[in-house]
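What follows is a set of structures for review.
Two complexes, one shared chain (chain A), two partners (chain B, chain C).
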Partner chain A sequence: MKKVFMPLIMVALLALIPYVAVTYANMSYLFGVIIPYAAAFIFIAGFLWRLFDWLRRPVPFPIVTTCGQEKSLDWVKQNHLESPSTRFGAAVRVLTEVLFFRSLFRNTKAELHTGPELVYASSKWLWMGGLAFHWSLLIIGLRHARFFFIEPPAFITAIEHADSFLELTLPAFFMTDAIVLVALTFLVARRIRDAKLRIISLQTDFFPLFLIGGIVLAGMGMRYLEKVDILSIKALMMGLVSFSFDAPGEIGALFFVHLFLVSMLAIYFPFSKLMHMGAIFLSPTRNLPNNSREKLHKNPWNKPGKFRTYAEYEEEFREKMKKAGLPVEKD
Partner chain B sequence: MRKKNILIIGLLAALLVVLVSSFRAGAESESPAEADAARVDSSACVYPKEYMQTHHMQVLEDWKNTAAHEGPDAVHETADGRKFQKNLSTCLACHGSNRYFCFSCHAYANVTPNCWNCHISPLDTP
Partner chain C sequence: MSKYAPRKAQLAREFLEKPTPLKGAQADREWWEMPVDFHDGNWCFPGKPETLKEIGFPNPRKWAATDEDWQLPDGWQKIIHDGLKERLKKFRSLKLYLDACVRCGACADKCHFFLGSGDPKNMPVIRAELLRSVYRNDFPMVEKILKGFSGSRKLTAEVIKEWHSYFYQCTECRRCSVFCPLGIDTAEITMVARELLNLIGVNNNWILAPVANCNRTGNHLGIEPHTFVQNIMSLVDDIEELTGITVNPTFNRKGAEILFITPSGDVFGDPGVYTMMGYLLLFHHIGLDYTISTYASEGGNFGLFTTNDMMKKLNAKMYHEAERLKVKWILGGECGHMWRVVHQYMATMNGPADFLEEPVSPITGTKFTNAAATKMVHIAEFTADLIKHGKLKLDPTRNNHLRTTFHDSCNVSRGMGMLEEPRFVLNAVCNSFNEMPENTIREKTFCCGSGSGINAEEFMEMRMRGGFPRANAVRTVKKQHQVNALVTICAIDRATLPPLMRYWNPGVAVYGLHELVGNALVMEGETPRTEDLRENPMAIADEGEDDDA
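This part shows the complex of A and B:
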């Protein structure tokens, strides 16, 4: 249980640091300006470095994973989505993977019944939980554009209106806030409930979940419960995106908790499993077209080799082969 | 089986009677008492400015809900004893002097409250 509680305590401590520092030591400049800039720099530089690091590695083999009929003779029907043979098809497959988690949709679970009998069954819960979680995060992220633009793009305003469509509370309740909390709870509970998953889960699996949970709770707390001055926040955010170093105004401490946790997430991002955000696009098992029968995929690691054909070999040893009674192609 | 069905229907009917009577009781208890001297004191707002900056929407929602239930009885009493009728007109009696009072901040923060779906917006009055 240490691996569950340690990340939880760490997130709680991380949340406490800015709260204490801003409330009692008046360090809002450090937590409102300096740390966010540093975090943004580390996030962008680290992210780009990880991508560059992956891109410079050679891909020795076409290791694309498929689960459909590859392109073959004309009268064999190709499965274009599951076994794409063009770069465009591969891009479509990556995109459907990113947007709809298609490979997770095929998730199965194995259960040992009395008998003994091993039973495989479709398991869509993780797919559903993951999809709800990621889409909520995307929409929540897009909604935050209202702090960074004087007038956010129309589609973001439309998303915001659709999200607050229920008009339950004032300020209007966002559906994605509830969905992301439910999905987070599911994702944590899933790792704890099942013994097999519990044993393969690490601290680094729980930490980002708790961290994002902390960010969500701090954000919802600001919106619905412990109100903060939104005009000062917008002024600060508009300043940050225009590289100004103006001191933040009078904002509630909860905002600095939210911002600090986001900064920590940004710093943690390039060094963690969260890099799957960039890696999904660079994964050779997904982004390569399945055309190994059409095109020669050269291993870039291969040194220019010295080859010798059989004809050359026979040329050298013909007399000896004849004496030994071995068949030769040319007399 | 049949007895069980009758029991369930009976219970549901009883529940319905209790619910209806409780709602009726609530309606009857509403007394048409006069709003006691709820006058607009325009020298200061109902709450301090800092509080209103962050909480005005919740104050307004509370006013809306209580006003809908209590009608003319819905009177807000401030900490220092001043009384205000819970009504959007009470707010606008002072803040309506600047037609852009609501809109300049809401536009800046990209907030679109639904007040003006029903109420007449100060921007729409001549």
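This part shows the complex of A and C:
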């Protein structure tokens, strides 16, 4: 269980650092301005570097994983989504992966029964959990836009309204806060409970889950429990996005925990598996059209190679070929 | 049964009793602490020194996987390290798939080798981690600092043994990549790992011997031209005996319209030869102007299981011969990995084939626009088009003695997307076709368990394990519909499924699609047919009893 506790302790320590530093050493400038700027820079530069680092490597062969009928004879119905033959089709395929986790939707669970007999049951839990987690994070991220604008754009306000329509608490409770916590719990629990997942998982799989969990809890704490000064936060945030280096005002320490953990996530992001966010768009088994017999795919490093030619072959077997009545080039 | 496989009852008991992660056990062990085990039945014999010399591969020597010392060459760590670095530059897929995996576990129970062995290292995610852990130790800078955190480890001789074991317990079937939310393709990892292992002389004779043969004689079995012709002519005699029809295949004939290339297994292997007889009958039936080459006499390409360069080198013969014979286009027989190469690699590696024409069926006039660049058409597409246009005289009752199911070959379904054509043909030539359960067919099909060059006798235990999910699905339809014929469009399947069926499902025989076409074809001037191409009696008398297709 070391691989579960180590990352948990790391996140706890990370959360403690800004709390102590801001509360007892008044280091709010470091945690409110310098670290967020550094983190944003590392995140953006790192992310772009990783994308560039992938993109500069060629895709020598069209290795599409076809998950449906190819385009062939006119009367055979093609599966345009799972075996697209155009670039547009492939783009749609990738988007269904990004937006709806289409491949995960296929997931099954295999069980070995007496016989021995293998039985496959549909298993949509990971798909549901994953989708709930990622979509909640997206909505929560978008909601935060209100800290960066004097007057938030209309669609942000609309998202906020939709997210809080239950009006359970004051301030209004956001459903996504609950959903993301449930999804996070599920994602951690399955890694611990399922034997296969426990073997597969590394510390680096638990760490971002705990880190995001810490961010969400700190954020929710500020909203629902330990109120912080929203106006000062907004002033700080608007300052940051307009490249001002003004010192933050009096904000509760919990805010700095939240902001520091977000900064840590941003720094960790480009160097970790979290880059799957960019990779999903580049996966050659999904983002290429299945038209490799119809259109020539170029491999930039392809060079004419040496092979055993017909002439060499005939040279070795000419007499035997003649005896067998096979035509030959040279007599 | 083979001395390299345990008895079925023993294996079946182990499936149920042995604690594995598939059954929720072993959860507290780390995979990198589990030792590699080599015993009879789970490793393939290494390439013979003379074979390696013939194809110019490094480190020829006598050795075995059970040896303590594998006699790796001096500086082997550097060879692997540099080899990986080079391939990371050449393949975005490799870099991306090493970097992006989130270990979500969707692939874990999708691999037939995991389902048949319960071995955690056969979960596709861990198979990739075997390489990824070494990559992380050497490449991305930050993870280098955080070793224990990101699960990286040093490259040791023990790791090489592990790679050799598990990258040959992967058939590059890509079932895992169907389920992966990021489309990570373990075959890409396995291919590179095998290339790296070949660089230091860690290899597999069942792959390298066919490679050497194919290079020299044109086919895997090393059959020289005169014997190749003789063999097909003996099939011609068999056809004449059975049907009274004399078919006239030609060889190396210049100016033929079509060059026909099929795996050599169809020419020499039982039951592949019956499929070959089906092709010959079909071509005669429609009066096709075609020729067969003794030089490009292999559709299969074991280079795919070796190195990229070798795949390209062996494949080059197809276009080279088509150009020399001045044919218009190429027709390809039933094969799995051959079609992965033809569909996804051939034109890119050895094209463009400007000397050929866009394929048009001379019988129906159908343009195969989907093969416009590669200029090679799959026989199932070709035959489906003939049947659709009513160009074949078929009597499906001649296959009434067969209650069939269809095995989608991994490469044809997931590396090409040809799912409907073979089903259309099969439905036209027989009256009893029964699908296996939906999670085991089409893009979710299970591998035969012995593809990608591990069809060796000495690997029988792993083959019977890896083939278990496929056999299990066949057993379902055998019970439900009394299926006795497993139809495939792959030469490796025709070689590997018969022993698998004998082991798990006695009573189910393996057929090629065009063997059934050959049975059903009503030839002009034929003698009354009472036996199928295997000389088994047809069930022509019980008409009308069997129409539940």
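Here is the rule we go by: the second predicted complex is superposed on the first by the 305 of 331 C-alpha atoms of A that agree within 3 Å, B and C clash if a C-alpha of one lies under 4 Å from a C-alpha of the other, contacts with A are read in each partner's own complex, and residues count from 1 in each chain.
Throughout what follows, contacts are C-beta pairs under 8 Å (C-beta built on N, C-alpha and C of every residue); 3 or more make two chains touch, one makes a residue touch a chain.
This structure is a prediction, so every number in the text was calculated from the model and none was measured.
Colleague: A:L30 contacts which: chain B (first), chain C (second), both, neither?
Modeller: A:L30 sits against neither chain B nor chain C.
Colleague: One more residue to check, A:R198. First (chain B), second (chain C), both or neither?
Modeller: In the superposition, A:R198 touches chain C alone.
Colleague: Just checking: does A:T157 make contact with chain B only, chain C only, both, or neither of them? Give me first, second, both or neither.
Modeller: first
Colleague: Of the partners chain B and chain C, which touch A:Y313 in the superposed model: first, second, both, neither?
Modeller: Once the two structures are laid over each other on A, A:Y313 reaches chain C alone.
Colleague: On the A-aligned overlay, A:N107 touches which partner chain: chain B = first, chain C = second, or both, or neither?
Modeller: second
Colleague: Please indicate which partner A:N299 is in contact with in the superposed arrangement: first for chain B, second for chain C, both, or neither.
Modeller: The second partner, chain C, only.
Colleague: Pick one for A:L8: touches chain B only (first), chain C only (second), both, or neither.
Modeller: After superposing on A, A:L8 lies clear of both chain B and chain C.
Colleague: Based on the superposed arrangement, let me know which partner A:L170 touches: chain B (first), chain C (second), both, or neither?
Modeller: So A:L170 only meets chain B here.
Colleague: In this superposed model, does chain C or chain B come into contact with more residues of chain A?
Modeller: Greater contact footprint in residues on chain A: C.
Colleague: Please give the residue numbers of chain B that touch chain A in the complex, ascending.
Modeller: 50, 53-55, 57-58, 60-61, 105, 108-114
Colleague: Where on chain A is chain C touching in the complex?
Modeller: Those in contact with chain C are residues 6-7, 50, 53-55, 57-73, 75-77, 79, 82-83, 85, 97, 101, 103-104, 106-110, 112, 114-118, 120, 126, 130, 190, 194-205, 207, 271, 273, 275-276, 279-280, 282-286, 290-299, 301-302, 305-310, 313-314, 316-317, 320-321, 323-327.
Colleague: Could you list, by residue number, the parts of chain C that touch chain A in their complex?
Modeller: Contacts found on chain C: 12, 15-16, 21-31, 88-93, 95-96, 99-106, 108-110, 115, 120, 123, 125-126, 129, 140, 142-143, 146, 148-151, 174, 177-185, 188, 215-218, 224-226, 229-230, 251-254, 294-295, 309, 312-314, 316-317, 320-321, 324, 342-345, 347-349, 351-352, 366, 368-374, 376, 381, 384-385, 388, 413-421, 424, 437, 439-440, 443-444, 468-469, 472-473.
Colleague: For chain A, which residues count as touching chain B in their complex?
Modeller: Contact set of chain A toward chain B: 146, 149-152, 157, 161, 167, 169-172, 227-231, 234, 252.
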